[in-house]
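Okay, got some structures for you below.
First chain A sits with chain B, and in the next complex the same chain sits with chain C.
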Partner chain A sequence: MTDPIQPPPKKNPLNRSWVSTIPPAARSRAALGLTAAAAEGRFMLQVCADCGATQYPPRDACHKCLSIDLPWQDIIPTGELLAETTIRATTDIYFRDRLPWRAGTVRLDAGPPMICHIHGDVKPYARVRLINRLDRSGQGVILALPEKDTPNMADDPHLRAISSDPSHRRVLIVDGRNPNTPDFAKALKDAGAAMILIGLSEDWLPFQGRKALEDVGAQIIPLDVTDTKSLQRLAGEFGGKIDILINNARYIRPGGVIDRTDTNLAARELEVNALGLMRLAQALGPAMCSRTADGTNSAVAWVNILSAWALANEPSFGSFAASQAAALSLSQSLRAEFRASGLRLMNVFVGPTDDEWHQPLPPPKVTPAAIARDVVRGLHGGFEDVFCGDVAKDLNERFRRNPKVLEREMTGGGV
Partner chain B sequence: MSRARQSYQGVALVAPTSIPYQRYSIDTAHFWIARALKGSLDAAGIAPADLDGFSAASFSLFPDTVVGLTQHLGLSPRWLDQIPMGGASGVVALRRAARAVQAGDADVVACVAGDTNHIDSFRQLLSSFSRFSQDAAYPYGFGGPNAVFGILTDHYMQTYGATREDFGRICVAQRTNALKNPGAVMTKPLSMDQYLAGRPISDPITLFDCVMPCAGSEAFLVMTVKEAEKRQLPYATVRGAIERHNAHADDPIQLRGGWTLDIDELWQMSGYSPIDMDLVQTYDDYPVISMMQIEDLGFCKKGHAGEFLCGKDMTVSGDFPHNTSGGQLSGGQAGAAGGFIGLVEAIRQVTGQAGPTQVKGAKRAVISGFGMVNYDRGVCTAATVIEGGGA
Partner chain C sequence: MSTLANLASNIADGSVKVVDLTHTLDPDFPVIILPPEFGQCARFRMEEVSAYDHRGPGWKWHNISMNEHTGTHFDAPSHWISGRDVPMGAVDEIPADKLVGPVVVIDCSEGAAQDDDFELTPQIIEAFEAEHGRIPEDAWVLMRTDWSKRSGAAYLNMASDGPHSPGPTPDAIRLLVEDRNIRGFGTETVGTDAGQGAHYTPPYPAHYILHGAGKYGLQCMCNLDQLPPTGAMLVAPPLKIKGGTGSPLRVLALVEN
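So, the complex of A and B:
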């Protein structure tokens, strides 16, 4: 079993904070296939379309038959630890601060041997299951886990380093008025979050949900993503204490382009959904980036709740979908800007949510509890992309297959 | 089935030169290569402009290649080669140069290896070493070769029951040899107790299993026996030579190298067998690799090197002289020169020019090379049997 992580002591402000470093990030283009799979937590390798040989490390041509047709496929992630080492000296500054580091060679049941990280609970020469996850550089890496779960296994330093585990961490949920906030707060509390802050815009207006949130132990603070000043005040007070930020601010109205007569609603959608993300990041991003090596409760993840319509426009909510596409594009820039710090940006794409705005749409619709579950699952896995609900998953599949076909289907051209 | 190899008859190896290594150097690979080249050319009485064949091996020449070296060093060869094979580069350079000389493409080929070692240059070399290492080895703790050979050593110990003492014997004997070599980087004696108490580096590898990256260079010349005799140079002949790359790719972890595929042919070509050798030079970036070579070259059965060496004295005056100059473990690893150190020392040995490390009456040597941990194992292997001229 793993020794459980103890709640960190109060930080001594006089001590120097660890400077953020990241593990080696350089990869070939082929190896980025592993990263793309890890972004969703999938264990995939290249398999030769001509001879069926499984490839590793990622390649441009099959090592058995020279075929260049090497599609990525899901692979059964089990194998055997053949040999290992514990690294006690390195010239790399990220690993140097984290020694000793256990690594070894696992022979995958599907074929190739792989050098991988080894979880502390794996016994020498034991059977293992492998996971493919993003490390702090944002690249896919393989970690060997014990075949069966062990007590406190998430607290293992290898696993903690590649997850965005909420336990012992402090979370800000941006929009207390969003109907999904109580479920988020509860799920994060259950996942071991040490502190939950909940933003409330226009806090002079009555807020029915206050008691429910306070009952979970959340602290409610003024926050309006359209008000730069409120964000600066918030950053001054809480900027150095936010380890996970969940941006669930959302402004949604039906309608596309010419079924509206002006751009007022569209402006509001962009103000909250796209520029709100930008303002939040400008206010809180730098402080979070500077705290990614700050011990047990280091800053670890930035989460955006986005509509899956960010991928392809749904014309009945055409203007809202455009604001989601804008937010998605901004999130990609932000992810790149976070890269050097190791702060993870996770987008949770949801299908139509079960609320008043989607009332005319047919099921399936996503419940707040389901989104909350997927947020916590994504944090545990350290993912970058989570697709929540059947509609979002389906839309993602179709988007990958052919975005142009999807566009026509979304506008009623498909049967 | 391949055809029978042509012999290396008529080829002479002369003018072995080793420039004493330095832990760190502010100079460049060009500087180190120039010094070794000059050493060999001076010994043979050849002016740089008259040299018609040149082969270089180096990791730290960037942005230059051997082409840049010709202009930099004022050479005008009609035969030019660069060997990117690290620890196998010495034997491979010899093989290619010997064929060029036999065929008349060049009269004299200077084979040179050299590298510099700046502060932090080892880390930089590692981070751009190979694509597979970059993609699939370094992200896992960045232990460099220590981590790969830690895994390999663990597997070897577990498979064959080798002990740390087995590895220690090699390191301790080589230190004894190095103490006789004024050019060696390591200058203090090493006992088995000190070896066993070495600081852990990448389990089960400890401090004295590791080579010290340094700056240095090595060179020798390849010409015809006729030319060597005309110039009255002591020379060694090549009895046989083999190389092989990416052998046994399906072995999940490396316990053997490509030597196993060609070793019978090597001994057959040479007309000798392992017991005829007066000394053995293995590529010793880690002692487990020396043991693998001693097995794969045919000195003992697979997995039995520990037991075999236990009964041997591996020092210069012993019954199994091994890595007589101290090898890389005690001499230091000067980049690609690590692929030359054993060969250059062996040429000195079989021509009676080894001075303080001379094995008495040494006439014949086997030298093997092992290079390039492209991902999880060394990919290049090579070996040669040489013999002192007039033997």
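So, the complex of A and C:
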């Protein structure tokens, strides 16, 4: 079993906060396939289309027959620990601060031996489960876990380093008026969050949800993503205390381009959904980036709830979908800007949600509880991309297969 | 001394006081809320362009955005469908001499303190006139409710059946417009109409009747408790926006001590 992490003591104000460092990030282009799979928490390797050999490490030509047709496939992630070592000295500045570190070789049941990090509860020569996850440099790495869950296994330093675990951490949920906020607050509390802050815009309007949020123990603070001043005030008060930010601010109205007669609603959609993200990041991003090595409750993840229509436009909500595409693109820039700090940016893509604006749409619709569950699952996995619900998953698959075919289907060309 | 030289020295020595009837334009100031499927009134927003920094080393300035009807603001006749064809009905067309003029203040603060839906009625207007004389032609009439002292959610006072705030009845507005031929009507609430004004006939009678007759509106004002019932002078020039249906503005009153 793993020793459980204790709630961190209050910081000693005389000590300098640890500065962010990241593990080595250099990879070949072929190896980025591992990273792409890790972004969604999938265990994938190249499998030769000609001879069927499973490849590791990732490469450009088959190790058996030299074929260059090596598509990535989901692989059964089990194997056996062959050899291991515990690293006690290194010149690498990231691992130097985290020693000792356990690493070794696992023989995958699917064939090749793999170099991996090893969870503390794995016994010598034991059967293991492998996971492919993003390390703090944002690159895919393999971690060997015990075959069966062990007590407190999430608190193992190897696993904690690659997850965005909410336990002991302080969370800001941006938009208290979003109907999904109570489920988010509850799910994060159940996941062990130490403090939950919830933003509330326009306190001059009635807010029925207050009691439900306060019952979960959340603190409600003024925050409006369209108001730069409110974000500066928030950053001044709480900038150094936010470990996980969940941006669930959303403005949505039906309509595309010419079935509207002005750009006002579109401006508001962009103000909240795209520029709101930008304002939040300008106000809170730098402080979060500076606190990614700040002990047990270090800054660890930035979460955006996006519509899956960011991938391909749904014309009945065409203008809203455009704002989601803008937010997605901004999130990619932000991810790059976070990279040097190790702060993880996770996008949770959702299909039509079960709320007033999607009322005329047929099911399936995503419930707030399902989104909350996937947010926590994504944080535990340290993912970059989570697709929540059947609609979002299906859209993602079709997007990968052929974006143009998907566009044609979404815009009225399908059967 | 000339009239204006006199006025200048009276302002300087405090015998004429300048009262500011304007709320601060602030992102947190409430705006009128319509059902979500309608277009909405933009809140006041301010983005720094530079602040003595790399974006402009020696100066600070902001880009601002808002609706014509955000904060303390002026309603021109063209704001309402009844006033769409009124000549000189947009803010840029209103003659300059209409922007400065006499003002009377009807104190409804006691009633509004008792009843959120307090109505200004013809009886109240007539009782006011019995005490202070007939409302002069082409004067501004302001309804004092002390509503401006409310803040937060108490200002719009939204309930599930809509907002509750005081305002004039259709008959009161008809009396002021058709009989007294006033210049305009002003309030401390978010509109010239009562919160429940949609349920009168015609709906929103102050907007409908005032603007249909080419009269003006002022709303979201404060400090009306510093004005005398009669005898003050109102200075209320909206921005000269081409075709504008209203504008945020600084409303001042000159009050003789």
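The working rule: the second predicted complex is superposed on the first by the 415 of 415 C-alpha atoms of A that agree within 3 Å, B and C clash if a C-alpha of one lies under 4 Å from a C-alpha of the other, contacts with A are read in each partner's own complex, and residues count from 1 in each chain.
Going forward, a residue touches a chain if its C-beta (ideal position, glycine included) is under 8 Å from a C-beta of that chain, and two chains touch if they have at least 3 such contacts.
This one's a predicted model, so the numbers in the text were calculated from it and none came from an experiment.
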Quiz item: Do chain B and chain C fit side by side on chain A after the overlay, or clash?
Solution: fit
Quiz prompt | Partner chain(s) touched by A:Tyr125 [first = chain B, second = chain C, both, neither] | solution = first
Quiz item: When the two structures are overlaid on chain A, which partner does A:His117 contact: first (chain B), second (chain C), both, or neither?
Solution: first
Quiz item: Of the two partner chains, chain B (first) and chain C (second), which one does A:Ala31 touch, if any: first, second, both, or neither?
Solution: first
Practice problem: Based on the superposed arrangement, let me know which partner A:Thr411 touches: chain B (first), chain C (second), both, or neither? | Solution: neither
Quiz prompt | First, second, both or neither for A:Leu82, with chain B first and chain C second | solution = first
Quiz prompt | CA minimum distance (chain B, chain C), superposed complexes, angstrom | solution = 37
Practice problem: Report the residues of chain B in contact with chain A in the complex, numbered from low to high. | Solution: 120, 122-123, 126-127, 131-132, 134-144, 146-148, 150-152, 154-155, 158, 199-205, 249, 252-253, 375-376
Quiz item: Taking the complex as given, what residues does chain A use to touch chain B?
Solution: 23-24, 26-28, 30-31, 56-58, 63, 82-92, 94-95, 101-105, 107, 113-117, 125, 135, 137, 139, 141
Quiz item: Touching chain C in the complex: which residues of chain A?
Solution: 202-207, 224, 226-230, 262, 264-265, 268
Self-check item: Footprint of chain A on chain C - complex, ascending
Solution: 27-30, 33, 39-40, 42-43, 45-48, 151-153, 155-156, 158-159
